[in-house]
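The chains carry the letters A, B, C, D, E and F, assigned in the order they are written, with residues numbered from 1 in each.
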C-alpha cells in the first residue's frame, strides 16, 4: 500500500450551530481540522496508508486531536508531543450574501513554536511514497518554514514525490513574505495545487479577465496561469481549483490539471453548500490518490473534483466519503436520490 | 366518517442531525415511520377515521410507536401486540450531489415474524371503507405476503376498496420475487400507485425516453406505463408520482392519474427539500382522501400532489399538515409568505 | 452622537428548531424581538445612541428582555417597569411552499395595558434627534394609540424627526381601524416606510399590476403608491420595501425611496433565507441611520437595502451586523466567500 | 373499566434546560402540564378510562395540548375548543438551596375565560364513576369557580364520587378568597387531598409543631389536621402528602390517609429529585386508582405514595410510569438497580 | 508491551438524554459499548496493546463501531467483517428509586450469527499474553459458545492467561443454560470475575445473609463464595465486585480478590452515579492491567476498584480515564477538588 | 450609588455538556468568565455601579465578551481594545471522585500582553469607591503585575478601598514568584480574601491540623491564619472561605471574617454542586457589597456566604442571583421549595 506523509497543523475548530453568528448562543461545535490533516484523512478514507506529522501538546486537547485522527485510521505515530497549546480557528458559517468568517487563534501553538530537532525526517520518511504540505505550514513562522524546507530536501533525496497546495492566507503573512519563502520551497515540488486566487497572491501570476469577488472566472485564462507556474518552477503537474462563488450557499466548482503535456478540465459541479471548508484539501487528497493509483491525468482530475464536490456536502473539515461514494458520483449519479 | 385501514410496518427511524453523516456525532433523531403508517397519519390529519394494523412487541419501544400513532389520532386498537423487536431504519440525509442513504435493520421484527392467526380480518375490516397496503408489506417475508393476500381477499369479499403503493425496495427482495408476489396481490387492487421507477422494477413496464439517475423524466411516456398497468391488472385507477431529482436538496414533483377514462396531470412543484421520505406516502394518503371524499379524478390528483408537495417541507416520515394548509396551496399560494 | 428613540413592544419569541412544525419536538428557541426593538438594535449596532421605550413587568421575563437589549448596547433606562406579562409570539419557520406562521399571544401584555401616565415624553425625548414607531404599536389598543399620538405631537414640538413603518398586522386590527388611527398619526410623520402590501391594506393605496401572493411585483407601479402616500400625508420621505416571495426559502428583495424630488430604486438582492422576520425593521434601521448620517437619498436607500438583505441571513429578529459588514456588501462583494 | 373525569387547565410549560436560570441560554423545554391533566394522564397510564375537560383554543398550541393528551390515551373528546390563548407557566428548576421558581402567565387563557354554556355536565358525566378537580380550577376566576360548583352538584346528583386536591396557589388568589370559594365546593367532595401547607392556607387548619420552610414536619400533628378537615366538611377520606424539603435536590416524601376510621401512614421515601412538579398530582392519581380498584385504605395509600415517589424521578409534569413499575417499588425494590 | 485479546459483542447503545424515559423526546444518545469491548478500551487507555475480536457488518454502523474502537487505540485488525446487523441495546437511565432499564435488541447480530470459520484463533492469539471474555459472549447462542470454547482451549495450548467475567444476563439465557455452558468454559479460566449476584445465578453459589434488592451485602459472606468458586473450578484468582445499591443515583462500591492464598478487600467508595453501565468491565480491565503489570494482589485489586469507581462518573460504556487519574485516586484524593 | 472597579482578565470558557469528559462529544458550552469579571457581575446584579477593566481584542470574540458584561449591566466603557487574542480556559466538570479539571490557554492574551500605557488609572478611578483585583491578575506576567501595582498605588492615593482575593493558581506561577509579587501588592490592600489553601501557597501561612485533599478542615486553625495575615500586611479585614470537598458533587461551605477586632464565622452550607467555579468570586462580590453598604462585619460575612452558597447552584462563572434571592436564603429558607 502506498504511504503518504502530510505535515502541518491540526487545529481545534469552533463553529456556532447552523448559521448562527459567533456567540449568538451558548454552544460551539468543536471539531478538529487543518489543511494537511484533511488531506491525510481523505487518503486514509480511500484506504491508503496516511501519516500526519505535527507537534501537539501532551494534554487533553492534544490527545483528542490525535484520537480523532486515529478514528479515521490516520497514522499518528510520528506526531511529536510537546509545546503548550493547540491552535484554534473560529468559523462562522455564512449564508446568502453574508460570507463565512474565519478568526485564527493559532499563534504560539505547539507546531508554530516547533524546532528543527522536533522532527527526524529520515525516520519520518521511512517507507513513504509521497510528501504533502500546504502554504499554511511555512506561514506559521520562519522556524516552521525552515523545517518545511528541510523536509522537502530530504524527500527529494529519497525520491519521494512532493506536493504543495499554495493555500495563501492573508492573516498569516504578506504576499511578499509568501513569495519569498514559497519560491524556495517550490524547487522541490512535483505537484503544485492552487485555487483561483493563490497564484496571483503568492507569485503575482494572474488569469486574465477574472474577478473572483464578483463571481466571474475565465476558465481559459487559467491555462495561462498553469503554464506560467510550470515554467517558473518546473512542476510536473499544476492543478487549479476553480470556484465560482454565487453566494455563501451556492458555488460552482471545477478544476484543471496541467500535466506538462495537456490541459485537462473537469466537469463543473453546481453545489449547495453544507460546509465548504476543506473543499480544496479534499481536492488535493483526491488528486494524490488518483496519481498514486496510476490513474491518467484526466481520470485523476475527475476523481479529485468529484471527491471534493462531495466534501462540500459534509459538515466539518474532514471529507468523510468512501471510494464507493466518489465512484458513484463519477459514474454519473449526481441526482442525490435516496439510496435504499 | 369514512374509515380506512392500512397494514404494514412501523419502524423506529434513526437519523443524524441536520445533514451529518451516520455517527458523525453522538446523537440520533429518533422518530417512527413506515409507508402504511404514514398513510394512516395523513388520513387522520385530514379528519378521517384511520386505523393502522401491524404487530408490535409489548415493550417500551412498541408502546412508544403506538402512542405516537395515537398522538395523530390514528386508531391503534387493532394492533397485535407480541414478538420481540421493532424494526429500525437508519436514515442519513443527503445534500447536493450526496444522496440520502437508508440502512434497513428490519429483519426479524414482530411484523416480519407475524403469523396468520395474529390477524382476524373479519374483525379488522368491521366498518372499513378502504384498505391500503404497499409493496413493502409482502416484501417482509412469505408469511406476511400470505397475510396480505388474505387481507386483500377478505376486503374484496366485503366490497372494501383496496389500494396498493408498489414501493419497490431492492434491499428487501429481487425484482423477480416482487413480480411474482405482487402480481397475485394486484388482482384485488382498485387503485395502484407507483413512482417513476416501480412499474419497471416490479413488472418490467417502462416509460420511454426516461433516465431517473440523470434526472430526466419523459412525462408523456408515463401515460403508456399507466395504460399497460391498467391493462395487465384491470385497476380502476393508476397513479404515478413523477420525481425529477436535480439534487438531494432540490426536486421537481408532479403526478399523473389515469382513471380508466382520462389521463390527468398535476401541476409540477419545484421543491426545496427538508425531508423527502414519506413523500410518496403522503401522495397516497391525499389521493385516498380525495377519492373517498368524492372529488373528481383531477381534483383528487391535485389534492394529493399539493399535500405531498408540502410533505417535502416537513421533517420526519409523517405529513403533519392540515386540510386548510393543503387547500391554501391548492388555492394558489405557493409563495411561502409569512402568515401572521 | 445622534440619538434615536423607538417605542413599541418587545416580545418573547418562541420558535421550533430548524424547520420543525410547532411542538414537533420538546424544545423552543427562546429569543426576544419586535419591530421597534429591532430598529433600536440595528442602530445601536451601527454605533448610534438608541433608546427603546416600552413597558415590561418586574419579573424574570421582563428582566431578560431588558438585559438582551443591553447586550446590544440599547439604552433601556427609559423602559417603564410594571404590568403583568411579556407578550409572546410563536414563530414556525416555513420551507419551500409551506409558509412561515406566526401566532400572536400578545394581548394583555404590559405595554398593551399601558396608560398615558406611564410615559413622560418630555423626559423621554430629552436629547433625542429621531423618533420611530410602527403601525403595530397603535394596533395594540386605543390606549397605546393615544400614547403614540401624544409621543408624535411631543416629538414635533421638539423638532424631532418622526418615522413610522406602517407594518399592518391583520390579527391586531381591521383595515378600517388601521386607516382611521394611522391617518391621525401620519400627520406627524416625516419618513413613512411601507412594504409591498401595507399601503393598500392601511390606506387603500395600491400599486397597479401586482399580485403578492403569486410573487409578482410591478416595481414601476410602486412609484405611484409612494406618490399618493406623499400627497395624502405630506411625508418628506416615502420608502417602500419590495419583496418577491418565490418560496419560503428564496425571496428577491429591493426597495424604493421617494424623497419628494426623485424616485430611487435599490439593487435587487436574490436571498436564500435564514430568517426573514425583522427584514423590514432592519431596512428601517438602515434608512434612519443613513439619513441621520447625512447620506444622500440614494446612498441611504442602498445602505438600508444592503443591511436588510444581510438580516435575512441571520437567525432571530435582531440584525446582528456591523457597519463594516454592510459596507462590504455595498462595496460589491455578495459572493459569500469565506473571509479568512 | 372505571371512568374518571378531571376538570381544569392544561398549560404550556416552558423550562430552561437542566438547572439553568430563566433565559440563561436560548432554549426552553416545551411541554404541557397542569394538576388535573396530570391526574388524567396518571390514570390513563394505569389503564383506566380517563377524560380531561377544559377549554382550549383552535390553534396549533391548543391542538398540540390535545394531541399530547391523546399520546397518553386520555379521552380528549370532551374538550371545548375556543378562546384565544393557552395558559403558560414558566418553570425554573432549583438546585441545592436555590428554590425552583414558577412564573404564571395563565390569566386570560381559554379556560380562565370560559363560560357556563361551554360545558354540558350531563353529557360530560355520561358513564363517569369519579370526578376530580383541584383548588387551582376555581382559583382561575369567579366564572370558573361557578362552573366547578355546577360540576360538583351534577356529579353528586349522579352519585359520582368527587375528589379535590386543595392545591393552594398564592399567586392566583388570597387565602380569604380561597377559603370562601373552596368551602362551598367542599360540601360535594368525598376525597379531600392536601399537602403539608394547604389546609392551613385555605382553611386555617394547622398541624402543631411544624415549620415547612425549615424542613421540619411533625407527622403526628397532621392527624389532627385530617381530623379537623373531616369534621368541618364531612369528607369520606382525607389524604395529606407530607414533604420534607431538605434541599431542591433532596426531599423526603410520605403521606397519610384518614378514612374516617383509621389513620394510615405510608412509608417515607428519601428522594433524589429530577422534577418535583406534578408530585402531588401523581399522588392523587394513584389514590383515585387505588380506591376505584377497591384496594384497602392502606394499600391505596401505599400505591399512591409509591407512584408519586417515582414521579419525582421523571422529567415533566406527567407521571410516565406503568402499573408494573409502581408495583415493583411497592414490592420493596427501591434500590434503583439496572433492570436487564 | 503486554497484549490482551478480548472477544465478544460491541453494540450500538441508544440512551435518552439525561434521565428522560425512553422516547420522552425525539433524540437518543448514540454510542457503542459492550462488556468485552469496554475491557479492551480500558486497557488501551492504560497504554497496553489491546485487541478486540468480534464480527461486524460491512456497513456504516459496523464501520462506526470499528472507528470508535480505533479512537481509543484498540487494535481492530482482527475483527471479522460480515453479517447483517449490529446489535443494539436501549438504555434508560434511572433516578432515585426508579431503576435503569436495558432493552436488548441484539438477537441476529453479526456476532450472534457467527460461525467457527469466522475466527482463526491461531492467528488471533499471535503475540497475545491474555485472553478475556465474559458470560455474555457464550450466551449469544450455541454457535458462539462453541467458538468461545475453542478460543479458551487454544489460549490454554498457548499458555495465554484466560479471564472471564461471569456477567449473567437473564434476558439472554436461563440459569440452567448458563450453568451448563459456563461450567465447561471455566475449566480454562485463570481469573474469574463475578459481581454480587453472578455466582448465585450461574452456579448456585450464594453468600450468606445478603439481599441485593434491599441493598444489603454481607461482605464477609462473599469470602465463602470466592472459596467455593475456587474449589469448584480451580481458578488462580477469584474477584468479586460488591455493589450496594442505595438508589439509582447512589451506590457503594468495593471488591474482593481471592488469590488462592489470601482474601483482599478493597476500600469502599461511596459513588454519585453518572453512568454505572460498564462499571464491572472497568473493574475487569483494571484488574487485568494490574496483574499483567506484576502488581501484588492487593495492589491490583485497589487499582481495579479505583479505576472502576471513576468509571461510574463517566457517561457511556467506556472508561475514559488515564493511568494518572487512577493513580491520583489511589493516592488518596477522592475530594473531587478542581484541578487547575 | 457606590462604584467599584475590578481589574483582570475575562476569558472564553469552554465546557463539555453535563459531566462529559473533554471532547467526549462534538459540542462545547461557550461562556465567559474570570475572577475579577465575576466580582463585577455580582456587584452589578446587586445594583451597584460596577466597572470592569481589562484589554480585549477588536474582534468578534472580544466584542462578545464585552456584550456579555453589558448584559449584566457592568460598565465596559473603560475596557482597552487591542491585542490579538482572548484567553481561553477549558473546564471539564467532575463528578463523584473524579475532580473537575481546568486547562488554561490564556498565555499571550490581550491583557497578558498589555502595557502600562494601555491604562490611565486617574481616569479609570474617577468616581470610584473601591478597587478589586485577584492574585490571578499579577500572575499573568511581570508587565501585568506592574500595572497592578500602579493601580494599587493610585487607588491608595485617591483613598479608594482596595481588596484582593489571593486566588493562587499553580499553573500560572510558582509559590515563590507569587510570594514575592503579592507581598509588594499587599501593602496597599485593605481587604484580603483567601481560600483554605491560598495563604499557605502564597505566603506559607498554614492553619494547623488541616488536610484539604482529605476533606478535613480545622475551622479554629484558620483564626490563626487570619491573624498572621493581618499581622504581616496590616489588612483591615481578612476573609477566608472554607470549603470541605467531600466529592465533586458535594461540598460544605463556610467562611470567616476577621475585622481586626473579632473573628466572625458564618453558617456552614451543605451544597449539592451545579458549578463551583466562581464560588470564591461570588463570596468576594458579596463581601464587598456588604461592606460598601455599611453592614456589620458579621452581616457582611453572612451575606457573602449566602450569596456564594447560591452561586454553586448556578451554571457558569457568573453569579446570576438577585438581592432578593440572597436575602431569602439569609432569612432562613434553604429548603429549596418551589416558589409559585
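Operating definition for what follows: a contact is a pair of C-beta atoms (placed from the backbone, for glycine too) under 8 Å apart; a residue touches a chain by one contact, two chains touch by 3 or more.
Small disclaimer: the values here were computed from a predicted structure and weren't measured.
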(request) Chains touching chain C and chain F alike, please list them. (result) A, B, D, E
(request) Return the chain pair with more inter-chain C-beta contacts, choosing between A-D and B-E. (result) B-E
(message) On a CA-centroid basis, which chain has its centre farthest from chain C's?
(response) E
(request) Please state the rotation angle, between 0 and 180 degrees and to the nearest 5, that superposes the Cα atoms of chain E on chain F. (result) 120
(message) Quick check: how many Å separate the C-alpha centres of chain D and chain E?
(response) 44
(request) Report, in whole Å, the distance between the mean C-alpha point of chain B and the mean C-alpha point of chain F. (result) 62
(request) Return the residues of chain A touching two or more other chains; collapse runs of consecutive numbers into ranges. (result) 18, 21, 24, 26-27, 67-68, 101
(message) Going by the contact rule set out above, which residues of chain F touch chain D in the complex?
(response) 18, 269-274, 309-310, 312-316, 320-321, 325, 328-329, 332-340
(message) Residue numbers of chain B touching chain A in their complex, please.
(response) 18-21, 24, 94-102, 104, 169-171, 212-215, 245-250, 276-277
(request) Please name which positions on chain C make contact with chain E in the complex. (result) 24-27
(message) Quick check on the complex: what are the chain E residues that touch chain B?
(response) 14, 21-23, 26-31, 59-61, 64, 67-68, 84-86, 88, 90, 92, 101, 103, 105, 107-108
(message) Can you tell me which positions in chain A touch chain E when the two form their complex?
(response) 67-68, 70-73
